Each structure stands twice: as structure tokens, then as C-alpha cells.
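Only one structure is covered here, and it is reproduced in the block below.
Each chain gets a letter, A, B, C and D, in the order it is written, and its residues are counted from 1.
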């Protein structure tokens, strides 16, 4: 803990696209203080300013410029770590940190579906953190543990589904995504591949979207997760947009609902953890746009500081029940911001 | 008819995005010769070279440069007219031409759903042209008549559905489109609206896609069209692509099929009108790409000179039966090329 | 004046691209309060929320949503007006407002070169406001007057030239611009014209850039402006960028300078009006980037809240003396922000 | 030589962006036949269809699909090689091929400025091939030799300068480039770096443009090149365009000329090697567009099959003498097409 009473945090994968968002969003955080930056690439040993090709349109925070990037090994001087390591290495490194006593708040996909790791969206399944003692017991962790947030497309989708799931129940969800370039990291998508083009394939993405929501909306019962039972079908595309995943959704509900009820349900939805006043929690997790041509990535991705799911165009579906759009900022609510909100929940609940 | 035995054609709406494609595609046509250019805007009276802001990457054909653009009134010296007039005026003008004895081959939406007008895709419903004598009788037309082609998104979708409809039957079709800018004409979409963005709304487009295929796949029985009975649900988006509509499709079939059967059905599909050897007919109306990330607009829209539907990524759908992609060149097969192919069918069948 | 002591301002052309920036930048201004919105288009009579297709990524300020858009006639209840009217109407309307007693702070081009109207960049020629009493006397204006800011490309260029002009003198300036889409207003550039393209022509732009700096860097002597005498040559292009004009500049100086001196001159340059502490003035009007590949529009246009000229890549020119880049946010420092800064100067100097 | 009398050619670097253009342009060449494909990456040993991620919008030619990609070693069964190897390896490999008896027609930069290697643009300095015997003698090459073509930006610039140089003489050339993404190869520029952006830096590019034209326009005298003596200053930028480098040029001439004379000189310019009827030579090496907003990359890059320099907007320059634009297709006339034309010249002149 710092002298100001903040928790000292480390960022694993600090030089990547999501790592930079962590740095940006944590630069003035009221509860957390960036103490350590680590990366698995060849940047270890250099000051962050030199190690990192900063790609955000706000300047690199002055405080982190001279921090020396370290290798991602569990010898960092911090109270917890955020991880956006590439999935090729995240699995083992994150487990090593947890074993060494660090709470690991991960954006990587490796442990998301582990049976004793929460796949956490605080507004939806905050109670899933109660698996943590089970996880620690099973794995022989002492203070350390693993908590994950979902895939960037899943988070926005799940936030939009939450009020429907809660009020009407879900039977089936069809989703077609139009995903932003930043979701592929840096250098990521080659410009020649996307200029005047759409790429209709993102590796493993459809599988993640078809799986993760079932754990998120599942119940934690008798120390295990019982997945939700609705069906999901996803089709994923990369479009020429810098930030902001747009998703065209169609849902079949358990119980009948009018269009007005759907709209009212989106409008009324508030976060069940509102009273915790988490610093990064949006005042409304779902924002309903009423214009006929919204949400749009460039115009709406920054709403609620990029932490809300922006919904629009609710209308009847001739095959399932209702169609609508949802937009989420993929590197904020879909990645770094999601992990930070998870850490805030854990802090508020006494896990940190 | 010209001295070379070609039919003289007029183009209504010749200065627009689709009008320019008509001019480009008809410049060296073996059966048709551009004799008249007409436009409803203020360009009438000027030579085409001056009246038209040519936006295609092949040069304006030399022959048409000095043609004087005329008002779209039925006093043109030609054997038939192609129309890509804006829908605000197309309805009446096209009817006036038909009444005055001109076969009208239209790309406009106004008469598509008229009960006595063919909504024609030669590879699917060539027999629908048999409604023409009925149309002429009912409307009191002499030599003239109206024939339409479907909406740009509908054509590519319908071509891809054709082999499935024929072999397995269709119960339901969900489609999410990512449509090109040229579909909105010129000036069309403002650049500020699409840079770093997706626009999730195209006026009337979802309605057209949900309606037109039912007429196309319907039967002509006792001088009337009996629509097909499957369900269609469409979600339409404009993306930052110049040409080529990409569509993510999921279908429920009447009869069970394996993935291999679906693929084989796409591969085997040949045009029932192949033996007519129409000059603009693609040798295969459906092209199956096998790469995991295709079709892509920039790489595949020019296949088969832009006249085929390019299909890819066939895979099981957890909710309906199968998912796949289809791409079509929206101003060629989706507009001007479709109308020209329709005219070729009519010529081959003795209607011109 | 409002009860809080702020000046009440009207915005002429409030629904356009620059008008929206005025609304955004004035929403929380410490000295000015938006009291009136006017537009010359058909939006008059409607509440702003309905009249305006808001295109900025921050939401429309709540306070202005219900303001009724008025016709741009000098009956507005405000202490001064900002104008971003289209140049087709700005000339007469602005003069009418000035005649009716309103200070008019204009971004339009019509009066920029009038011999008694300041073409103002506070950091460069703040003393030019002393022409105002002359203007009022000559034109018979009472309280009203006209003040203009330069063209969007000129402002960034002039700010970058200012330290060089002041320290070494200027003989010749060659500039090639790569200008953003928002500079053309809305709908402005058609998306089909700019996708995968550059448009090497912007009407009247080269003339403005070749003329305006001479007045800006000129002297106000004996109640008239004596233009500066260096040569300027401009080549203007539109590129596929939403905001931020990038300009490649080469200069010939009056007096010799080393590269290090040039760089130091950029670094040391401070605003001569710094002590006025104008709310919108950037702490440094010129920001020097040292990376070899900066400034870049997307990464650097928001520096200093979009109010600075961002300079980079200073290097010797084999033909003139030195080459460098300058980037300016065209709708902030290049338009609305420039006018607001002008108004702040006028207020600080007692003209409002 | 093949049975059809064509020369058998190998392509070094066949899987890259320029390598693919070589394959595309040579697929139906009347004089050359693709016999060997080689690449320095890990693709050797695989059939070309598998080794190469084909990125052109025309399909991969059927004939080359099954050709096995070989390592770039001088054991290829062919009469000459084209090279688009990366400059990190091209220098030594190309020399090894020349030493082993292969004529090497290279697009790589390594040997361009070697004092005994032609930097060839057939329409400008066809006589420079006479250095070849000198090169062979000096280097001890037997049949083999090295010939290079200039950098992609240089070629279009040089073609546009040629008529001016010939008629009026050149004193100084300022050029600002807006270069296409394909110039950086594949994957090349990251999409996140160019979306809504311009990158004002291309490594070594300004140096190449400032140097290469002097050799091109130089004289071959007494077995050595005497460079031309005018000054060149270049500023280079990457813009969001797939193909086609646009360059804004200003020139100072040796002898006075009116604008009409400049225009007429562009119009009259014909290739001095026209009578050789080289298959890839454009009928006019310089095409003058007269519209006020041309040339544009997307609309004009395919003119003359991408083999011409397209010039436009000739106007007086207040600092030097005249300003104009030039556009060239960077992977056709600026790379693969340039090398092929060089090979055609060598064949016509008996060097192959």
C-alpha cells in the first residue's frame, strides 16, 4: 500500500494495446497506484517511455515514463496485478503470480473457463467472487487468486442481455459482431487487409461468445458454477473502426414481452452493486439510444467514459423475438476497464 | 435496332452511381447498344461528359461522351430502356415508358412488388417472365412492359439461398448485412458519418430483404405469384467499403443436411438457364471460397466480373441449422448487371 | 450579461460542423454563456436538439437541447455573436449584426481581408484589435464591430511560423496540406470520394493560405495594415482523416539559423499574451514533438485541448532552408476555438 | 527458353506484395514465362498456393499454384530473374545470381546507386544499359548482370519530370508525397496506425527521392554516370490508400516557360523507345488530366494498366516556377511493372 493509502498495482503486458489502456485508466485512480510495469516481450529493462510505442490520443502519464519495465515474474513490489498478457504465455505466468500470493485480475482468456475462477461482470454476477476461497483451497493458494473478465465482445453483449435475462429469461441469442481493430492488439490487423474491406473471421472469437455468457449468467451453487442454459450463435467480423465493437443481436425470450416492455427494461436497468459506488462503475451499465441510426462506434463509444453498453434499435424479429444493437468500447469496458472494475469490486468486498 | 443488329437501349438515371455502371457494362455489349441517356436531374441538355461526374476507375467510354442527356420522357429513340431512376420519380416515369411501348428493365424499387411485374433473377425464377402478357393485358400496354430486379442485398442473398431452397427447402433465414457505400448512390453517405465508424441503419432496407425473396422464390401459378412461405429477418449496416455487400446468414432448412451436403450443394449449383449462354451470366452463379476468412469485399467482389454470389465459411449454427457468408458486388450483380442479365434473358426468350 | 456575470453569446450557424464545436466548447465556459442559437437553414423554429444532427462524440450539452433555433437576424438577446455561417450568406448577415451593435467574432472568410477588420491570432497579432475603433468610425458602427480568425489551415501554419518569423525572419514558405474531412463541413465530402483515396483540390484554399498570413504577420501602422512581404506557395489535399490538418512546410529564412536554433526557437516560444490568462489559451501555442514520425492527426490533434500547433520533424531542406511538419485541430484551434480565444482577448482588453 | 520461344523467368521474393504483382503481370506475358518462384522466408518447399497469402483482387493464376517455392539460391532453372527481395538480403543474393550467370532485374534498393549498375527507366535513360558490359568486365560476371529500377515514388516523379527536363531544364524540385499502404509491403503498416490518420514518415524514402533522379537524369559518359545537377527536396507521408502514390510537386526550370508550354510539353511527350513496341510500355508514359481535382489514386491509378504517370493541376508557383501533381501506381509502374519493362527493353536490345 502507498503512503496515500492506495493499493500498489502491477500491470503484466503493460506495453500492449490493453496494457496501455490499463496505464491510462489507472493514472489517476483513487484506490490504485501503478507501482510496477511488466512485459513478456523484449522491452524488459527499459524505461516504459522507451519500451512502449504509446498509441493512445491522451499523452503517456508523466509518472510512468521512467518506470523500468520488468519481466513478468512474481517478484513485483505490488499488492495485486492486472494482466493483459498474450494468451500464449498468460496461463502459466498468471498461475505463478497467484501461487506467489498476488491477486491476479486478468483480461486474458486462459483461465476464464476454469471451474474455480470467476468470469466476472460486477453488474451481473458479483456473487461469483465467492468461489475465491474455494479456488484458494483447491489450488493451495495462500493470499493469491485468479479473477477474469470476459472477452471484449462478450462483455457488451452480456450487459445488454442482463436486463432481459433477469426480467424475461433467455432461450436463444443470435449475434453478429462488427469488431474494432484495437481488439486485435498491435500491430494486429494489417492495414492492407482492412482498407476498403471487412474481414469475416476472428480466430476463436465465435467460440468465446458462444460459451462465456453461459458461465456469466450461471449460478454459483454448492461451490460450483452451474451454467445458464440458453443457446448462443455468433458470427464475427473485423471492420475498419479503431475502437468500439458493434453487435447486431436477436433474442428469443422465455416469457412474452412487448417492445415497450423491452425498452422499459433496458431503461430501468440499474446496477445491483450501485450502492458500492465503485469508482469506475458507470452510473447506468446500459444506455438506451433512441435515434433510429444509433449506437455508432465513433459517436457513442465514449459514453459513460467507455464503461457502458450502448443499446439501440429495439424492434421485433420475425424469427426470434426481438432484435437490437449493442455497442461497447472494446479496450475500456471490454478489457482494461472491465478488469479495473473487477478489482474495485474485490476491494469493496474485502478480497484485496 | 442498329445496323449491326444490336438493340438500341436507353438508360434512365444515367448520371447516377448505378447509371454509370450501366454505361460501363453496356459499352461493349454484344446484343445492346447505348443509344440514349436520360436523367431526371438538371443535367438534361448537356453532353454526358459534362453532365456526369464519372466515378468509376475505368475511363468513361468514348462513345457516350458526346451523347446529349435527355429528360426521362418516353420519346427516346431506342428499343428498350434500363432504369435506375431514384425511387421518388421512378414509379410514374417507368410506367409512362411501358405505356408508350418500351420494355422497361428497372433496378428501382417502385414496381418490384407489383402483382403483375416479375422480380427477376434469371438463375432462380426465369419462368416469372411469363407474367408479362398478363401484365400487358391488365394494364393495357401494347409492346411495353415492366421487369424489375431485386434490391442489391437481396440478389446476393437469394443466389446463395437458391441451391439450399431447391435441395433442402427453407424455413427461416436470418441475415445481417455489412453494406458498401456505393449502395447509397452519390453523394450518398457523408464521409464524416463513416470514417472510423459503422452506421447501423439503412432506410427501408430490412423491409426489402424480408419481403423480396418470398416473391422471388414464389411460384407463378394461374397468372399470379404465390409467395414462398419461409421467414426472413434482416439487420442492415453500412460499413466503410466502396463496393461489395457482405452478408452473414443463418438458415433453418426444411430437411436435414450435413455440412458436407450443404457445401456440395453450393459447389454443384449451376444455372438452370446455362444453355441460353447469356453474355452477362456468370459461369457459376455461386462461387464457394474455402479459406477460413473469405469472402472479403476487396478481394472477392470482382470474381466472375462481379456477377456471382461468393459464399464462404459454412458451419453449423447452434440455433438454426447452418451459418455462412455471402458477398455480392452491389452495383454490378446487385444493380446494373442484374438488370442487363434480365434483359438478356428477355431477348433470348423472345420478349425483346 | 447573465446573473453569474457571464456575457451572453449567440452562435450564428449553430447547427453546422463548426457551430457544434462552438456549442461544445462554450458549454462550460467561465466567461461566456450560450444564450441564443441561430442558423440560416431550415432549422429555425425548432429546438436545437431536433434542428441539429449532432456529430461530436461528447453528448450534446443538456442546457442547449431545448433552445429554439432562431433565424440569423440581429434581434438576438445576447452581448456578442460568434459566426460560422456559410460564406454564401455570412458577409451581409455579419455586417448587419455589427451595424445593429453586436460584436461579431467570425470564423467565416468573407470579411477576413477587409482593410479595417482584424484577422486575429492572439499569440501573433493581438495589437491588430486596435483597428476596431477605426472600423467603427469608418463604417458608422456604434458598439458593434467585426473580428475574424483565419482559415483553419492558415492558423496552424501561422502559429508554427510565428517563432521563426520573430527570430529569423521569413522569405518564403512552401506548404503542402493534408486536410481533414471536418474542414468541409457536413455533409461535405462524399464518402465515395475519399474511401481509398486522396482528393487533391480544395476550392479557394490555396489562395487563402497564400494570402492570409501576410495580413496576420503584417503591421498595423497609421490605422492601416501593412502586409508582411514573404512569399507563400500552397498545395492542398483532402485526406481520409476526421479531424486534424497536417501540413508539410518548407521555409526560407531572412537570417541564417542552425537546426538546433530552429528547434530551440520552437521550444522557447511562449505566447506574448500569456499574462492575460485567457481561459482557452494553450499554455504553449507551439508544441514540439521529437519522435521521428510525429505529429500524427489521430494521436496529436487533442494535445492542449486541440488549441496548439503541433510541430515535428525539423530538418534541413536542400532547396529552401528548413522543412518541418505542423498539425492543428481544424475545428478547434482552426475554427471555433480560434474565435473563442479571439473573444477572450477582446474581453480581456475591454472591447466586450 | 520454353518451347513456345518465351524466356523462362524466376521471381525472387515471390510471396511478397511486389512478388505477387510480378506473378500477376507475368501470368500471360508474350515474352516471359514464369518458371521458378523463390522466397527468402519460411515458405520454401511449399507449393506457391500454400506459401503465399495472395492479396490481389484478381485470382492467383492457375499455372503457378502448384509451383514449389524454392530458396533464393542461384540454382533456378530460368533465363533471368526478377527480384523483389527485402533489402536486408537482396544485396548479396542478387550479386550471387549475377555472378552465377543470371541477368538480375531488381526492384530492390541495394544496387541502385552502384556506379556500374543502371537505374533504369526506359522512357528516360534507355542508353544507361550500355554500362552493362562495363559492369560485367569489372565484376568478372560472365552472362549475368544487374539492372535496377528506381524507388516507387521516384519513378512516377521522374516520368513527370522527363518532358520538363528535356524541354526546359530543371533547377530545383520540391515534392511532397502521399503514399499508399502497399508500398510498405505486407503486413507493413498496422491498421491502427493509419485509421483516421496520416503517418508523416517513411524510413529512407526522402533520401531515395532526393538521390535517385540525379542518376536517372544523368549522362553515361566514358563508362561512368555523371549525375544531373538539379536540387531535390522531398517530404514523405503514408496515407490511408491501398495503391497509388500521389505527389505534389513544384519545380524551378532552367529556361522560362508559360503554363501553356508546360501543359503542351506534358501532352506532347512520347516515349523515345516507342518504336520498340515493348509489351508493357504505356502508349503515353505521361497522361495529363484536365479536371481541377485530378489525378486521384482510386480513380486514376489503373489508367494505362497502371504503367503511366498521371499528371494534373499544372499552375504557377509563387516561389519556384510551376506546381503540379503526379500519381503513379506504386506496385505496377513503381515496382513490378517497372522491372518487367526494363526486362523487355533488355530483350529488345539483345541483352537477354
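One rule holds in what follows: a contact is a pair of C-beta atoms (placed from the backbone, for glycine too) under 8 Å apart; a residue touches a chain by one contact, two chains touch by 3 or more.
Every value quoted in this text rests on a predicted model; they were computed, and no experiment measured them.
Remark: among chain pairs A-C and A-B, A-B carries the greater number of C-beta contacts.
Each chain gets a centre from the mean of its Cα atoms; the one farthest from the centre of chain A is D. Taking each chain's centre as the mean of its C-alpha atoms, chain B lies 48 Å from chain C. If you average the Cα atoms of chain A and of chain B, the two centres end up 42 Å apart. Inter-chain centre distance (chain A to chain C, centres taken as mean C-alpha positions): 40 Å. The set of chain B residues touching two or more other chains comprises 55, 195-196, 240-242, 298-299.
Chain contact summary for the complex, chain C toward chain D: residues 172-174, 176, 178, 195-201, 210, 231-233, 235, 237, 239-242, 246, 248, 250, 292-299, 312-313, 317-320, 323, 325. Chain A meets chain C in the complex at residues 55-59, 195-196, 242, 298-303. Looking at the complex, you find that chain D touches chain A at residues 17, 55, 181-182, 186-196, 240-242.
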